[in-house]
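Shared between the two complexes below is chain A, which pairs with chain B and chain C, respectively.
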Partner chain A sequence: MKFLDEYRDEALATKVVDEIRRTVTRPWVLMEVCGGQTHTIVKYGIDRLLPNQIELVHGPGCPVCVTPLEMIDKAHTIAQRPDVIFCSFGDMLRVPGSDADLLVLKSRGADIRVVYSPIDCLKIARANPDKKVVFFAIGFETTAPANAMSVWQARKQKIKNFSILVSHVLVPPAIGSILQSPLNRVQGFLGPGHVCTIMGYREYEPIAERFRVPIVITGFEPTDILQGALMAIQQLEAGIHEVQNQYVRVVQRDGNRVAQDLVNKVFEVCDRKWRGVGSIPKSGYRLRHEFHEYDAELLFNVKELDTQESSTCISGLVLRGVKKPRDCPAFGKQCTPEHPLGATMVSAEGACAAYYAYGRHLEATNGLRNS
Partner chain B sequence: MCLAIPGKLIEIETHPSGIRMGKANFGGIVKHVCLEYTPDAKVHDYVLVHVGFALSTIDEAEAARTYDLLKEMSQLQELDVPEIREVMSGDP
Partner chain C sequence: MDSETADVDLGALLASCPLPLTDYKEIVLAHGSGGRLSHQLIHKIVLPQFRNQLLEPLHDGAIFALGKTRVAFTTDSYVVSPIFFPGGDIGKLAIHGTVNDLAMCGARPLHLSAGFILEEGMAMEEFWRVVQSMREAADAAGVKLVTGDTKVVDRGKADKIFISTSGIGVIPDGVNIHPGRAQIGDKILLSGAMAVHGIAIMSVREGLEFETEIASDTAPLHELVDAMIGTNIDIHVLRDPTRGGITSALTEIAQSAKVGMLLDEARIPINEEVKGACEILGLDPLYVANEGKLLAIVAAPDADLLLSAMKSHPLGQQAAVIGEVTSDHPGLVMMKTRIGGTRVVDMLSGEQLPRIC
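This part shows the complex of A and B:
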């Protein structure tokens, strides 16, 4: 556990925590949506600095985590083709499919390359005209402009041997799905700062209104998260439910319109399956019809694959804030970052992996409310 | 994975394909950055970069704070992934 004096903004953090203590009169459950925020919260023990009435639960905002196993198996099927150079962000390399992970496939001879940016795949495609270069396009709204640009530029530059395997997901429909569940416990949200850098936060306003929940767009520093929590708690205590912006240093209400325009030219909204959660209507992107020649799923005609998820894993409940990692009997035992059983353990930004990385599987359970 | 890393723009260039690119310095590591989504960004501006794309310009103080935090959180590994050099034949 960290203490306030380890924060770079010790004075500000102390002030915000004191203000939260003064404000709270009854229990509230808040969810941070973004995996980066989950990581900050667990690393700095922010959940444990808050008064006991405030419970932080961790949302579905880790794109690696929620990429369905079927999609990972599809990626592996394509990556093993001798005519393919398969490109991916580094985060996906160790995510196990039904058989192996991309690193293992690489050691078996598949041409798999980690790229810093999807735009680099175009250089690989130009340098290897006899190969088909496929990029594993995962991510939330933050990553969509980059992936959209790779396809846009491929068409503009008449690069024919490049395609993307799309597994793009969107935050607002996931929030809606969490709020509609009969199991829902979440009463306020810390919204995803970098997603909103692109998208702005207008689309969160009808959600706050319809479900009467405060949504505070929040940054990634410990003090950002404390301030975001304070703003949400102030609204809850006052019976208000608005979208507020804690991360004004970076986020504007309209977001980045230039980026949104290109995303909308290349992608269209579609239903998507989320690992651990299931299908959520209109919760992702696919390529528009005019870009079908860049759609790896169509090009390689990978058929639907049967997959079997662990029956022990409770990641679906963790992703919706119903359970915590330590509620799972497999956490830190059969399920570790080396041998993940499900979504929330497969990436460092997943709640289970973050709890594991900071030693929470080793702690005794009694006496810790926010465990 | 949605984290964006601040860097200082040190060069702006238009790629032969017409795409607006630049070079940004991330605490000593210099990388190419696509500037199509930040049409107003100028040399010496600080930009918030996600997977090689500048998403917005930010002020210097914000850039420094964010960079230090990401470093403290060991979240800068993606900068270690080498860029693909432009090679016209063979393996890059």
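This part shows the complex of A and C:
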């Protein structure tokens, strides 16, 4: 398939791997920020192609994983109301709250629908005027424009029975938080290609400067990841720390200004809690005051719902690259995608789930090479 | 960037994980996905009640002797929504599915039964179209529908129509096809491009509609199997990789035969349109349902001859050798990825859900 096969080409990948081997002189720890990148790495076995000196650790960029438990419980409280049609991206359906997941609530009779775009919810709202349609607006900067657009359009089209439950998080404060941790091991980043498509990468430049780390904005295909790793390693070996753009076919330094403007009209920056990580100041979006009538948290009065995270798995350490999924004693045993104990096992993009899906839980017992 | 993570309790994070969440107390959709939850449901609830030698291999059908004749007996239910889709309908599927399950036992399909569960209010014209389509499919497959049953339930208690079909067929002498016969060194063949049916259904599913020319590949496979058996090659295993995709089918065979498998991603046939749809929807085609496709496992020296026999049949034109049976990692299916890495391809955990980004 054009524009995809080129980036999955074995000969090209081998060439980049050879170049990495020639460049590396000592061990380096790189973090890929995005869940989508983690997915590609384990799906294509990229971690096994790289020389042993290069360790890839998996970052906090899985939006499903980092959505806090109390937000999931709020979603469940709203979704169970008989007057509600609750809409969500597909992979939020399996995320366990304190009691159940959305799939179980659906089996108990809740009206829960998977949508590919929040704009689809407006159609559902128009077709069901006697119901309240709620969209679970999660994600990083990538999904913010479409979520903002749904609210913008709802107001324009005077749709009154639509609202969103907002749990938006931002990448740069999370990277800052990782780098400030005394446990940090990360020496270079593969930056989030989709997030930067929207936001550009100017805001990463002060981070690279302050913490003296290379950040290479990287795409999601195998050769993207390999080239991003090569560029980061070249910087590390040369003692340079810059923001570089590997994903030039999509990302520009200023990003998508139109999308940013819309996001800024609808959302404002706020403190957010990250599941498994904790509260990070100025790390998320909430609806601006003038859009409060679309805020499901207020409409359904779940603002004060507070939940204690009952599971104490190591997903917080996995999300910050301190630990690997297999370091957890429960990984693949008590904790599986059918019964996730923590955030990173929940979504296909979570590091633990990605390791599990591509058989890393089976390898130890079958004597395969550990990665 | 002066952020703090002060309220993170590292001690708590390092502690071992607590007890797992309990098993599902209700049936969820993923129990019907053909993946690991389906597997668990059968192994935990059904199999313990009915343990017997014929059931336990969990093959596509049971194989036993009646006098001197070896027969295969199978059953399946059809709940597809929407009931009419590009390339087929629930009636065609109900005939083809059961014909194919018999064919995967190496049997020539003979007689079928059909049970209909109809929802009050279903348009008579739609039911007529389904039944007519079943008759056409049965005629084309050379099978007779010889017994049946009809029930009607209240509006809302079913989704227009559910169909259950059972079938019986005769296994020719000398044919011994069984998942336990996959042997180290054998080659794995796939009869055509994967994931077509699942994507065709998704393209017309409410809320997901997208414009495409992709039509379901549903077809009766018994003639292709006849042609393959006609080569006199000793075919070890046949399987039609329906829900759960080729991954679930191969994992089941690997576990049943206690062998490993190594697939070559670049050699697994897939059409450009299907690949594109999978990319857009965030789905892995290895887990998407097929109809009218089969996996065959044979000794390596026989693979080329069998492949050319498959390719000369209209339903096998895109057939390919996609991997081999190995002694390493028994019960596991590995894949050499397109860029030269390797990974495990495991059974799907639940429903394959579209990813967020």
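Rule of thumb we're sticking to: the second predicted complex is superposed on the first by the 346 of 371 C-alpha atoms of A that agree within 3 Å, B and C clash if a C-alpha of one lies under 4 Å from a C-alpha of the other, contacts with A are read in each partner's own complex, and residues count from 1 in each chain.
What we mean here is this: a residue touches a chain if its C-beta (ideal position, glycine included) is under 8 Å from a C-beta of that chain, and two chains touch if they have at least 3 such contacts.
The structure displayed is predicted, hence computed values, not measured ones.
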Once the shared chain is lined up, is A:96 touching chain B (first), chain C (second), both, or neither of them? second
For A:52, is the partner it touches chain B (first), chain C (second), both, or none of the two (neither)? neither
Can A:156 be said to touch chain B (first), chain C (second), both, or neither? first
Kindly classify A:117 by the partners it touches after superposition: chain B alone (first), chain C alone (second), both, or neither? first
Touch test for A:126: chain B only (first), chain C only (second), both, or neither? first
Does the superposition put A:259 against chain B (first), chain C (second), both, or neither? first
If you stack the two complexes on chain A, which partner ends up touching A:173: first (chain B), second (chain C), both, or neither? second
Is A:25 touching the first partner chain B, the second partner chain C, both, or neither of them? neither
Indicate the residue numbers of chain A shared between its chain B interface and its chain C interface, in ascending order. 8, 34-36, 39, 43, 63-64, 89-91, 114-116, 120, 139-140, 142-143, 194, 347, 349
Hey, which residues of chain A end up touching chain B in the complex? 8, 34-36, 39-40, 43, 61-64, 89-91, 114-121, 123-124, 126-128, 139-140, 142-143, 145-146, 149, 153, 156-157, 192, 194-195, 197-198, 220-221, 249-250, 256, 258-259, 262, 347, 349
Complex contact set, residues of chain C against chain A: 1-8, 10, 12-21, 23-30, 36-37, 40, 207-208, 266, 272, 275-276, 279, 281-282, 328-332, 334, 337-346, 349-351, 353-357
Residues of chain B that touch chain A when the two form their complex: 1-4, 17-19, 31-32, 34, 36-39, 48, 50-53, 55-56, 58-59, 62, 65-66, 68-69, 73, 75, 77-79, 81-92
For chain A, which residues are in contact with chain C within the complex? 1, 4, 8-10, 13-14, 34-36, 39, 42-46, 48-49, 63-64, 89-94, 96, 103-104, 106-108, 113-116, 120, 138-140, 142-143, 172-173, 176-177, 180-181, 183, 194, 206-207, 210, 222-223, 276-283, 310-317, 328-330, 334-342, 347-349, 356-360, 362-363, 366-368
